[in-house]
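Please find the structures below.
Look for chain A in each of the two complexes below; its partner is chain B in the first and chain C in the second.
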Partner chain A sequence: MDPMAKLRQSFLEECDELLSALERCLQDMDSGQGDGDTVNAAFRAIHSIKGGAGAFGFTGLVPYAHHLEAGLDLLRAGKVSVQAAPCALFLRTADALGALVAAARAEQPAPEFPDVLDALKTFVSGGPAAQGPLAAEPASLPAPGPAPAQPSAGPAAEGFLIRITPNANLFRRLVEPPQVLQSLEGFGAPEMLCDSTLVPPLELLDPSSCHLRFTIRLETRAERGPIAEVLERCFDDEEMDIIPLGGIHQEAATARAEEPAAPKMPSSPPPAANALAAVPEALAAQLNAARDLPLMSPLPDASGVVPTLKNRPAMVRTIRVDLDRVDRLMNLVGEIVITQSMLIDRSRSLPVLHALQLTEGIEALTRQTRELQDQVMAVRAQPVKTVFQRMPRVVRDLAATLGKQVRLVTHGEDTEVDKTIIEELADPLTHMIRNALDHGLEKPEDRLAAGKPVEGVVTLSAEQRGGRIVITIEDDGRGLPRDKLFAKAVSRGVMNADAKPSAAEIDALIFHAGLSTAEAVTDVSGRGVGMDVVKQNVEALGGRVTVESEPGKGCTFALSLPLTLAVADGMVVKVGGQRIIVPISSIMETLQIGNCRPDVLPGGGEIVRLRGDIAPLIRLADLLELGESGQETVVISAETDRGEIIGIAVDEILGQQQVVVKSLEASFGAVAGASAATILGDGMVALILDIDALPGLVAKRSAAARAAHLFPFPSAA
Partner chain B sequence: MKILAIDDTATLRGLLCLCLRDAGHEVVEAENGAEGIAQFERHQPQLVITDLNMPIMDGIEFTRACREHPDGLSTPIVILTTETGADLKAEGRRAGATAWMVKPFMPDTLLSLVAQLDR
Partner chain C sequence: MSEPASSNQPVLNQPMRKIVTFRVGSRTFGIDVAAVREIKGWHPATPLPHVPPHVRGVINLRGMILAVYDLRARIGLGVTAATPAHVILVVDVHERLAGLLVDAVSDIIDIQTASVRPPPDVQTCDQMLSGVVIVGEDVVSLLALDRAVDASPLVNAFPAIPSEAA
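Moving on to the complex of A and B:
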């Protein structure tokens, strides 16, 4: 791809970003949260789109961008209050722009939205600033010409008299008059005069101020517009006069009356002849003075201002980095962690003296590796905001389609989580929000009948718990329809008709493939691919999703995800001859087994006492079938992501180290009770214990055991 | 010539750089005025081309800060923007902008302006 095509492509990508930023601002304005900054941010976004669209030749975009910009400018200028902004129209324009960008990307002809454009134009021209520059032509035709040429500017004039009376700061803004005036040579042969009569005597001269005036006679067939355009780059309208030569006589008469120094050209000699004579020298002197100035001394009037850069705003310096590079960096950190644990392992077999020396170095290395890892993680971490902020739009659009009133509340948007996870979150979250609106929330009349406010509330929140991030989607709707779920499960053969499942078990059926219960399949959701897909996606990320529902009150889905997929702190424990990693983030404390008095319950389960609490005891050797239990010496007290405390009995604690998390699903397959695997210093693979899955695993086991006890035939189990 | 190009839109900056580099200029970039000041201090460019509407620090603030900087008195500053308002332009001039150019720009026009400001 040639560089230009690449740039066009990345401009379109940028448009997507800018449009979503714009949409966010518009939504804030729509919901009454918008202020001047919001309007400015929206303006900047559309301004960038407009500028780029013109530069890259996406002319279809320009009128929409231009009028939206003009509309926002009315708000910016305070001519229309933010509250009175037609946000719906602006949002529709943003949609139209989105469609135009998509068409441009697909290299299809630009679609048209005449109604949007007309409505925008009406708003812009109907606004109080209709006569302002906003009502000018679209930006594709920048019309820098100020006042149109005077009626006297007939074609017979064939040229212009240009008078330039620069502002005193001309030299300070580094304009060099000869160069600017030279650019007029493209139009014809300009004749120039410089008036230096206003230059003060040397002792009063501030060499950085411009006291010169210029008069130029330019004979040309060119129009006023292009000439003005060239000059306007460096001079303001009030600094110059461009008069058609045809109208010169009356102009000159006025000029003579007002400004005796203004020369009339060229037929009659200028009144101030000395001005003419002084042209090159005076100009050169002033220019040279201005040029050499910084070398000589600070400006007289700048003495109090010189190093004001200290006062400039704090800088935000960012770079964009290809995600691949960060991934490679992260992998490398993982490899270093493995190598480091290998070094620790090897050092143990050295004679004590050598080992001690080596250990010092290794300890430093460990600290540095950890810091390196934290820093790389920080690079990858992103606030969940990036995903959350797409949701208001989903809710808005869907609520309108469904005819429901919905308010979305978000919490914890600044919770940071690994970029990979963020990316994978968008789809499940969108799906769950859609579900909540479509199935969870009742229709307005049903809500009223149930004594609830008409407006349904969906709460989306994120928080960090230990090494995980928990995202909950809560609605105050009708809750899961348990009878329907159960009936469907029976009809699909998922459950026996005479089974007596608990409420939680029924609710969990929502994650079962093909058990969507919507009576009518809408285009919103309810095609039977839904929560089961969400569950698969979330589990593939090493997370899990749970549901809690209360009929008539609402329903809460909770996604629990690891903060990072790459490296974790683990405690290496020995269980039945195997090494297992227990994630440090879940461990509360470790105790000698004798100190927590394990007791056997009548049903066969065991409990321990952990700081006054009673918790189930899980003997890992038993549960994971790693050998005979009974060797346990240590109980690890751990908390699951649901807040349950469990005691995990292991044979021995071997140590603590960072482990590189390697997915099992990708290379081997899911292993019950293990969330992932890692490579230890000696090159052996160890499983990482899935603390949160243990209670469920125990429950399944004991249910199976009970069944086996009641029906001692394998088929019944 | 060493030119500092400031624009918050990466592609427009890219376009600008492409055009300037093709003409044999050395280009350093910045995403906003504040970054522009930092780049200015670091690279001491001979010319600055800046966008107007940018987050953090806009083109006019940049121009003002640049003119107040001890090294920034002798560097021409071109404001390249879609804005055509006379008020803004006058404000730009007061801040010390050397030239004002309206987007979308034709590469030839830009290059001739750059050549004009080369000293």
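Moving on to the complex of A and C:
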């Protein structure tokens, strides 16, 4: 594709974006949310379209763009109020522009929307007198020749029909026919047709002989002379036939009359040619590879009037790619990240001068790797919509089965998350929605008795928080039955009868295997293989599921998952002689330990002051049994996914780097305190700290300590 | 390794097993050769929190995370003071790779399937043995790999041998 064609192509793509921006603005204006900024944004979009359309010769677009621009300018100048804007008309103009862009892309004639244009003109000229001259402007716009992409097929077309019937020895002449044919684009937009009817069957084919014929329709104001001159670089006089388009109709008739004569060419038995059609086409494809000439299979009157290019396959805007390939790509990016950290590691041992030079290179590499990784991620990212949209059906079917009235509300369907996670979400979500309907929501009569609307509401929402996606499933039902959960836990020996667990601890029992509370096992849910499996699945993805329940009001399950399973930003810290990665997404700030005045509470719990607030202090070496505590110099203040702020004491901060997340579950199993592992530049494995699990670990440990009648450990409470 | 005893000479039509034998202290263990993916020298492992002592931690096996289990600790003889001379057997247990830290690999031998005896006391050492076979002078304990590379705390250790200081 020549550079100009590329530019035109990218302009059309840009048009799509500009048009959708324009449409958003217009819709905002239509719904009354528009203000001066909206008008300005719309104006900028249409202005860019108009400018580009003129520059790239898409003249069909210009009048619409121009008048819409003039109309928006009236709004911009305050001559018409935004509220009074004819948004419907503007939107129709945007649609018309969309159709024109689509036609230009398909290289079809530009459609016309005279009513839209007239209405626009009326609106613009009906404005203040000062706007009058604008309406007349399109006529004075420079018309850059005939619109190449939208050939008007009218009889008045100027130009030539060029027939080229090369000699068989064409390929031996050391000329480049594709280039010559391409150079015709200097005169206008040639439409080319390659006739491969005469290509003999494979066994008779001499690959160095040319059996192709070309028909070119060139609309241009140029004279015959220069065109012939260009073609003569490649073809002899007797090989080409340049006929003015004015005479095309007679030509067509002649061509049809001549057609039966064509097959008399030697070595061209049509049935065999058809049987081997793919071969000559492949050969022809080679010839045309440089420019995508349309390859037409021989049609009865194909050699006559040049058909428009509407038979050309539609422009391919997306491709389907095997997920494995994307996975391989992602793995490769992961390897690059590891190699990069290895390079950084090694550069430290170089003399300063060399290291400096290398560092520059490494920094560039780091930026590029990150970009590469973002792009690969973007390829893998999908909106959660793909899972969410299955849920209304689950709800509808189940509500009917259960005799309950349920409304499903979804939010944040466009939140994007890695495809692997999307795939793994479907089952847990379905399960939890079923649970909400079956166990959470009461029967209609019970709801009425409780003073609630008959219709239960289940809200499914997704939102991005830092490096994670949080999906919540909320119902306005009865909440978790704490007494039953506790009783069951006692009867199963999970808890002591005299234990005094907190409400949250009881609620968390829902994730314990075998503690389903439904009074009757239904065919819907309630066999006790429920939330524990959900929990396992979610944890296997490096996620976490939590529950909050309020008796009589409802219950909320929250799934917190990493946005991607592949790469994360981490702070490398040293703890008891070991390196640990703290996910940057959870870190709020880091402080010298002396500056946040650690204090020991009566009972042993340690706290620190973080920006005027107090937070529990967790000494990581101690909690993860990684060695002696007491070496800590730094406190990392971090936020868990439940919004708790904790202070994490570590020995020192070593640096910051991207890490490739490697699952521990796959090779070992869940590790308390570590969400995953990674490989550092020196080849050693480092654990990635699971910040969200730390408060739970601390609580568990102090509970164990209390139970063992030992001295209490620092408590998070 | 000693010469295979005559009873273990390959005999036609007798089902045979190929066994990798390795040592921990004075004991010889064996596993099916098919379960061994590779043998590599000891590499310091990154310890994991809150795991029993026989889980030595994780290492990087060509970009993969591999958990390493200390067989000596697993059978209750104390944690191996690992040196580069020690060996990690990378084994395939139910499609999952794991590392087994042992003192040294001895040999690959053929044994008759029929010559494998059940372990004398199935309760011993968490049912970590799938059988015992006598090869020359040695008693080769065949490991039940899924039990040997398990992170759960051990219940029954091997009876300590007084001469064998861990």
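Simple rule for what comes next: the second predicted complex is superposed on the first by the 393 of 717 C-alpha atoms of A that agree within 3 Å, B and C clash if a C-alpha of one lies under 4 Å from a C-alpha of the other, contacts with A are read in each partner's own complex, and residues count from 1 in each chain.
Convention: a contact is a pair of C-beta atoms (placed from the backbone, for glycine too) under 8 Å apart; a residue touches a chain by one contact, two chains touch by 3 or more.
Being a predicted model, the structure only gives us computed values, none of them experimental.
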Which superposed partner A:S183 touches (first chain B, second chain C, both, neither): first
First, second, both or neither for A:R611, with chain B first and chain C second: neither
Touching partner for A:K662 - first (chain B), second (chain C), both, neither: second
Contacts of A:H411 with chain B and chain C, given as first, second, both or neither: neither
Which of chain B and chain C A:C234 touches, first, second, both or neither: first
Between chain B and chain C, more extensive residue contact with chain A: B
Chain B contact footprint on chain A (complex, rising order): 3-4, 7-8, 10-11, 14, 18, 41, 43-44, 47-48, 50-52, 54-56, 133, 136, 139-140, 142-144, 146, 167, 169, 172-176, 179-180, 182-183, 232-234, 236-238, 291, 293-294, 298-299, 302, 305-309, 312-318, 320
Contact footprint of chain A on chain C as seen in their complex: 44-51, 55, 57-60, 63-67, 96-98, 151
Partner chain C, residues of chain A touching it in the complex: 334-335, 338, 578, 623-626, 662-664, 666-669, 671-674, 677, 679, 683-687
Footprint of chain A on chain B - complex, ascending: 8-12, 14-15, 18, 31-32, 34-35, 37-38, 51, 53-57, 65, 67-71, 73-78, 81-82, 84-86, 89-90, 93-94, 96-105, 112-113, 116-117, 119
